[in-house]
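As structure tokens, here come the structures.
Each of the next two complexes has chain A plus one more chain, namely chain B in the first and chain C in the second.
Moving on, here comes the complex of A and B:
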């Protein structure tokens, strides 16, 4: 340990979870696509298909609309950078993370929002009709989803009297009975709906659509090509990964390392990968069974998520 | 012998995709290696005035039976994302401009594929009053897939030859 009291393991855990997410996020999206194809009776692309696409895109020419400003070029970088900061701050491998001070639920939620806003501004910057339509839709969804996410995590933060994510995760590890309380179950429902909305999955948005008029997330990236598109695709997959990792560690925290030893780290990494992959398979399997909601019904779904999270907070207060 | 649905599911899962023919290099098609796709081919489809026969065959290559997606072939919503413009039909006067704009918007390196006999030489529509010409007359075509309409297996074989899978 050095003077600041931070061990090599703690810094190593941050590096490991960032590296693991950057390599694993495209594979996770590929896994979801493959599962979906198999359930539809198709062979489907291999799991590494997203990496193949990224490798090809990185070698292609980048284009920029004539009337757009520098913001169009920086938005994909902002999206990836903010998401990597979120990954570094989220307790994924250990609850004793080196970045304890910054690992606050408000910071995490607002950093995720920064990525969405930069992409929405870049889509407006292109001056195309579909870009503007996509960004206005994204803002409408984000404005409804973010409060639900904040309030849902607040219900989990209430028992430990702290908005720090490692403290919340460690608290539910020490009190396993908390996992089956009403506020947990209500918050879990809200969390799942918000994750589907934030990452542009069915029933809110269809990631495989070619129809511009039904697009939300896809409409934002219509003008990107080459390395810029690769960054947007990577950023979106990183967002999905960090949200699923957050879901698994907040509600199923078993396996996360509480001691700073090599064995617990290896176990934590393996368990985290298994939990996130299992959640991704569940989301993909659910997607086969549902259709996309009509756009005007999406606010009702997100309002439902908000009601669930408010009820979660209320029941947390009543039980306390 | 009648192969029941249950027996088939028990033997190989609920998969309906058939084994596809090997990829082939079409005779006379100078497929540029500079594309360097290696199993990732995104197509922007442009209907320049087709009778929709070719569209039916394109739709069927993405069906569970042929499943072109297993070779990394996908249709995309924007020419910016595409490696090739997949053009069908004779080019009508009204579609010549949009076709040129789409080809211009492709992110380099990219090619133009003419799908079907109409795209190649206007087919039965040659000399019709609304027809500007074949795709070759409007843009430089790097790959031609003949047929009226081409069979799904032929389309997949040609595209696999292009994406090196």
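Moving on, here comes the complex of A and C:
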């Protein structure tokens, strides 16, 4: 470790978590698909099928609708780039992250929002009815999911007086009892609902459907093809992965490295992968059991998440 | 510095006279020259006051009769002067370009210079008469500017009447409050008032605060006194809307701070709870309307109500925490509020000027008629895009930083263990969070529907880039969105000196830590520069990877998929109305839109539909439910009063006799 305070390990951990997520995210989505198929009594494609699909798409030609402009072309890049920045900022492997100045929960929410907004603008840029439909529905969901998320974050940040992620994670490591308090449980509920909504999973959106009138994310990416489509698909799976990693480190922080040693890093990476995979399997298993909500019932679900998070803040204050 | 204060006033009023005298061609150049000169002089004074903390004063008895003029610019006022000066400079440049096809009339040239000068003088006024003089001058000049296009439609005249009535009600309550304060403290200079106000009875102090709050809230466009805002901002020329929305409404906030904190020296918590509640209402109501509006400038006006609501929440929280003894958290909330106010001025100025360019190029501000502007007017559209990113609080532009600071101030307000904050803070957080989401929806709609996709009307089809100076004026503000977002530490010192004028014991709660922002008493730092750098690096890398991966084939331009149809027309795409439909449905109870569905059937059978007409009308619920009943009551009472006045001379003589008797009885 050098005197400047940032060691090779810390920079290495950022590089490792970015690389791990980029390689692992499509596999995670593949895993979820396989789990779902097995539970439904089908064989399903192998886990690495998602990477094969991406490779195939990357070899194809890019097409762009005639009326569209710069925004259509740039949105997949923005989606992937913002998510990679979020991955770099999230302390996944160690709480002693190198990029402390960006490792803030509110900052991460707005970075993810930048990705959603660019995709929504690109969909409107195609000048088709489907693009507008997807964009309108996405923004309606984002507008209602955002409040729930921000308030839930506040409930987590209140006990440590800081929205800095390493501080929150370290705080819950030092006080394991915090994890079982009512505000944590309520905030967990809100987080799960928001994550399902933001990553387009059941019961908000069905990732397996291609029926245009019920879909949100499929409508957004309808005009993309070739490498652009590959980037959008990769971006969405990266977003799911980082959200699950965030969930696991906020609510089940055990295993994250607090010291900068090689052993703790290897353990942290293994535990992180296991936690995220477990959460993904849980989400996939849950998806088998629920049906998609009608679009106009989704606001009620998100309002429920909002109420949960407000209750979380209230109970945090009352208990404090 | 005193000389520069004189220069501000002289140059500003020279502009007003020049506007009256100059010939039509030279008029706008003369006015722009003098307003820019006045603004730059004011900016120099203001920055000097903010940096050194020394106040600039000017007292003269030669100008106004009886009392003279008293000016004193402290750090609080200097911030507002600086914001106004920057916005006015950009708007003046813009106006020169705008006047190429819409020449400035004599009266609006005079009113423009007067308006800017009075806005520069209001925060420097240091006595009741000087303040009210500058305030009224500002109200009258802005009213004249709202009326610029009065020949165009009755809507302009109606908007002006709404504005005139609400602003004059506000001016009356402010004048009443300040006069009561002056009488009770025995002097009309602000220094005397601040010294002696503490000895007043608590109920009287409260009454003065409420009177001033009403007046200033009506200027700031706080719900429910916001009704003039969407009307006047939409109907006034865009340069004027930009000045009003980015500079004038701020002065309402200035007034609340000046009266509440400087003159009355802070107050009990209920004052600030009132401010917070007004802010919460304003933020939520404004953002819901912005998310569902289809008129570009109405949308921007409602978003002003929303952002001013956020500033009100911040200053209310500051007052509340300060009244319960949490000085350092109060300083944080005030810092956040002031930063958001500066940012709002910058991005709302950008957006209104860019919206003006759209109106200039297409002649409409109805989003349902726009579309496809990005390919036709790329520079103006890019400027609007910068404003969109900033107002949506997305990194790396300025809205992101102040949104983060607002959230931090509420987070620290939460943990201040004030019993009332247990109920209030979650409410504020909820308002802030809901506002954030709805603003994102509103501005994706504004930019996505208005500027991207297919042109929806011949007017949008034929749009082209506006005159260069219009883009330069708007671009100045757009580039400030970037500067404030990427290097917010430039503002830390200036804002801390503003905070110190109010929270004298709070110290510098926000400090710069390298290029990051750090909050004392809290662990962790926030580094917008690092975030911006990481974003740019990541974008370049990902774009490079895509370029390498897709180098084998050129991009193919193809028609979008139309479900097998050959022809895609603009009528098939989503409009702003359809985009907002899901949110409209969710917030039905707040918006209360009236909808008519008219289905006519063919004569032969009612199973065959001949035509379907669907229309929605979304007015302002407050206008319908609060103001209309007041109007109709007044009208009814006025009709009753008519009975007294039936035209009979005998009856009038009887009234005269009665009045004489009453006077003789009581005036013995």
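FYI, the second predicted complex is superposed on the first by the 317 of 320 C-alpha atoms of A that agree within 3 Å, B and C clash if a C-alpha of one lies under 4 Å from a C-alpha of the other, contacts with A are read in each partner's own complex, and residues count from 1 in each chain.
Simple rule for what comes next: contacts are C-beta pairs under 8 Å (C-beta built on N, C-alpha and C of every residue); 3 or more make two chains touch, one makes a residue touch a chain.
Worth saying up front: this structure is predicted, and the values here are computed from it rather than measured.
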| item | value |
| --- | --- |
| First, second, both or neither for A:196, with chain B first and chain C second | neither |
| Partner touching more residues of chain A, whether chain B or chain C | C |
| Chain B versus chain C as contact partner of A:231, first or second or both or neither | second |
| A:27 touches, of chain B and chain C: first, second, both or neither? | neither |
| Chain B versus chain C as contact partner of A:52, first or second or both or neither | first |
| Partner chain(s) touched by A:150 [first = chain B, second = chain C, both, neither] | second |
| Partner chain(s) touched by A:41 [first = chain B, second = chain C, both, neither] | first |
| Which of chain B and chain C A:62 touches, first, second, both or neither | both |
| First, second, both or neither for A:242, with chain B first and chain C second | neither |
| Which superposed partner A:75 touches (first chain B, second chain C, both, neither) | neither |
| Shared chain A contacts, counted only where both chain B and chain C touch the same residue | 59-63, 222-223, 226 |
| Chain A to chain B touching residues, read off their complex | 37-45, 49, 52-53, 55-56, 59-63, 209-212, 215, 218, 222-226, 229 |
| Contact footprint of chain A on chain C as seen in their complex | 291, 371-372, 374-375, 389, 392-395, 400, 403-404, 407-408, 410-412, 414-415, 417, 421-422, 425-426, 429-430, 432-434, 436-438, 440-441, 444-445, 447-449, 452-454, 516, 521-527, 529-531, 534-535, 538-539, 541-543, 546, 549-550, 552-562, 568, 570, 572-574, 578-583, 585-586 |
| Residues of chain B that touch chain A when the two form their complex | 13-17, 36-40, 42, 64, 67, 69-72, 75-78, 80-81, 83, 105, 107-109 |
| Contact set on chain A toward chain C in their complex | 58-71, 73-74, 76-78, 80-82, 84-85, 88-89, 99-104, 106-107, 110-111, 113-114, 117, 120-121, 123-133, 135-137, 139-140, 142-151, 154, 157-158, 160-164, 166-167, 222-223, 226-228, 231, 295-296, 299, 306, 310, 313-314, 316-318, 320 |
